[in-house]
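Just below sit the structures, each encoded as structure tokens.
Okay, so subunit A shows up in both of these, paired with subunit B first and subunit C after.
And now, the complex of A and B:
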């Protein structure tokens, strides 16, 4: 029991690291993905192929593969970073591809007739984007975005392989120093499960709010 | 100036990377296959009339979909040794990946099962087919045909998830990459080449899925 209680502060610290790394990467990835999709829609002729190539590359390789290229491979080209920085950079790039596809699906869900009607009414491209396309696309995308945040949190476990002091690394550390296996790993599973359930709950509440936000009167 | 050297080095890495890729492939295939049968089982549990079974199934799916694959693999590799049972890394990896994909496949297959008209199941009952026969001979083939693209997508995810089994002492593609990069001191080219192998596998799988979907669309 004593050993179990002594693990809790370490796991609490580790959970903070996991949250910092994954939420930062998810946030950067979401902004990056949104920008990528917006640019793709604006400059569709020039950017269609680069966009598709980027998404194909990032989604076709395991995240661990991309992480080791950033952490071990980039120093060969002169670009060194700490394990945490490498994780955030590679996880953001990884997440951005998925978020870009989610936003693309969000925009695809808008009936094209609305965009044509907006143009017919003389509504400028930027105004139409902000007032007509954005609310509908986001309302469609929110559950998918939340799911992707959960996936990013789970993917951050891979960073333990390059010794970022997040949850999985801490659990393995405790196992290695105390030779007890069940306690730390059970705690690990519980911590991740709580994290993902919490995000799912928050997302469900946010999704329920959307119809209220869409009311204009 | 470095290109012919680079090429010879890369050709030198190929045999080991290929061996690692084959390990990754057959382990993923085994996991998806076992996970398929486990997934059917989990679905029948969740659809059963017993509240206990259906809740157990829901908890199972929630835990396996809500936690990272790496954490699950570490549990299956190290916890048995606490009970005195040493599992080889390959077995632990196969078990962990199978149980993980079973949770996802139970959801995919569940959608397929729910799309089968109830009339078929009632007809099977009037023809005196047992529950097991109805399941495996009538429902499952239709479910597989309908959900195949989603199942291939899941197989792609398992191939990518299998990259972390390098941590539990399995000589898969990723582990070969680590070994080669530490012996050659050229991490960038080795890891990039390994990544290309993964890319090739996932691309071939998704092309196969697209081809299947196109054939299905033509039939209709």
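And now, the complex of A and C:
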């Protein structure tokens, strides 16, 4: 029991690192994904192929390989980063592809008749985007965004390979120095579970606050 | 009284790839007139209606709204170029539309739906927009639903909100695309009665409909379309009572049969048919074909 309790401070520190790295990457990825999708819609002719290529590459490659390219590949070009910075950069690029597809789905969920109605009533492109499309696309996207944030949190475990002192690396360290498995890995599971449940809870609360999604008035 | 049509189609054509769905439509709509478009599915009546506010970009002919060409302008060498979205919106401003599927914005309350076109396109104040929206909702009898979301309303109520949204912009022409086709039979009447009351107020309307009896009663002019062309156009008495177009007779036959079958005793007697020179079913129908608002 004492051994177990003695792990808590290390895991608490590691949890903060995981939280910082993954939430920053999720935030940047979400903004990047939103921008990618918005640009794709606005310049559909010019950007259709670059967009598909980006999504195709990022989704087709393991995240580990993308992290390796950023952390070990970019220094060759003179761009050196700390392990944590490389994780945030690569995880943002990785997540942006998924987030962009989520926003694309959000917009695809809006029946075309609504856009036609906006046009027929003289509502300009920008006003329609802001007042008619955006609220509905975002409301549709909330559960999918939460899902993706959870995946980013868990994917950040890969950063343990390049020695970012996050949860997974901390657990491995304790295993290596104490030769106990059950305690550190149980702790690891609990920590990830707490983080992901917090995200799920926030998303559920957010959905509950959107008035037009409610089944009862 | 100006004799210029408020809405005019001149040889309007439209193709999707190699398929020519509209083959030269000519139509004049005068102020205060009610024009209904009828015809079988795929005859191009909805496409024709959608060309009237450029939701569908026609590619032959011309559509004029209050003397302004819709959708295109001519450059120095008399070539036609697509107008900017802003110019198109400006020309179509007097035209409002009611959709078959209502096309309300589900994330907005009923009041916000009706006020949105005013706030988002006409740049008028929120208070003024709210006042106009409430007046329009009152007009369709739904002011008590102002704060509800569309999903909480019946189909008939949703369509009445759609009509209120169209009324709120104070249009000079209303386009109605099968306004009752998506409704349960028992909800149709509440929508038709709102349209009827607009007709009594002198609203100019162009309506695509499958409600033949309603079209017969309400229209000043009925247009029968088939395969992208206007086959016959004229007053309802002519099309519903006296047509010599075989295709229109065939199109109307199921409706005649349905109209007559429940009340066989109302079939006019032979004398009546003999004096008018009509077949009995047509003679029966001409009785129902009376003036507006009947």
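Convention: the second predicted complex is superposed on the first by the 211 of 217 C-alpha atoms of A that agree within 3 Å, B and C clash if a C-alpha of one lies under 4 Å from a C-alpha of the other, contacts with A are read in each partner's own complex, and residues count from 1 in each chain.
We take it that a contact is a pair of C-beta atoms (placed from the backbone, for glycine too) under 8 Å apart; a residue touches a chain by one contact, two chains touch by 3 or more.
Computed from a predicted structure; not experimentally measured.
After overlaying the two complexes on the shared chain, residue contacts for A:171 are found with subunit B alone; subunit C is out of touch. Contact with subunit B, but none with subunit C, is seen for A:161 once the two complexes are overlaid on the shared chain. With both structures placed on the common chain, the touch criterion links A:121 to subunit C but leaves subunit B unconnected.
By the touch criterion stated above, A:42 is placed in contact with neither subunit B nor subunit C.
When the two structures are aligned on the shared chain, A:135 is found in touch with subunit C, with no touch to subunit B. Legend: residue contacts after superposition of the two complexes on their common chain; A:52 is shown touching neither subunit B nor subunit C.
In the overlay built on the shared chain, the residue A:68 is in contact with subunit B alone; subunit C does not reach it. Counting the residues of subunit A that each partner touches, subunit B and subunit C differ, and the larger count belongs to B.
Listed in rising order, the residues of subunit A touching subunit B in the complex are 56-57, 59-66, 68-69, 72-77, 150, 154-158, 160-161, 167-168, 171-172, 175, 180-182, 185, 188-189, 192-193, 196-197, 200.
Residues 53, 55, 85-86, 89, 92-93, 96-97, 99, 101, 103-108, 116-117, 120-122, 148-149, 151-152, 165, 169 of subunit C are the ones that touch subunit A when the two sit in their complex. If you check the complex, the residues on subunit B that touch subunit A are 62-63, 66-72, 74-75, 78-79, 81-82, 159-164, 166-167, 174, 177-178, 181, 186-188, 191-192, 194-195, 198-199, 202-203.
Considering their complex, residues 111, 113-114, 116-125, 127-128, 131-132, 135-136, 139, 211-212, 217 of subunit A touch subunit C.
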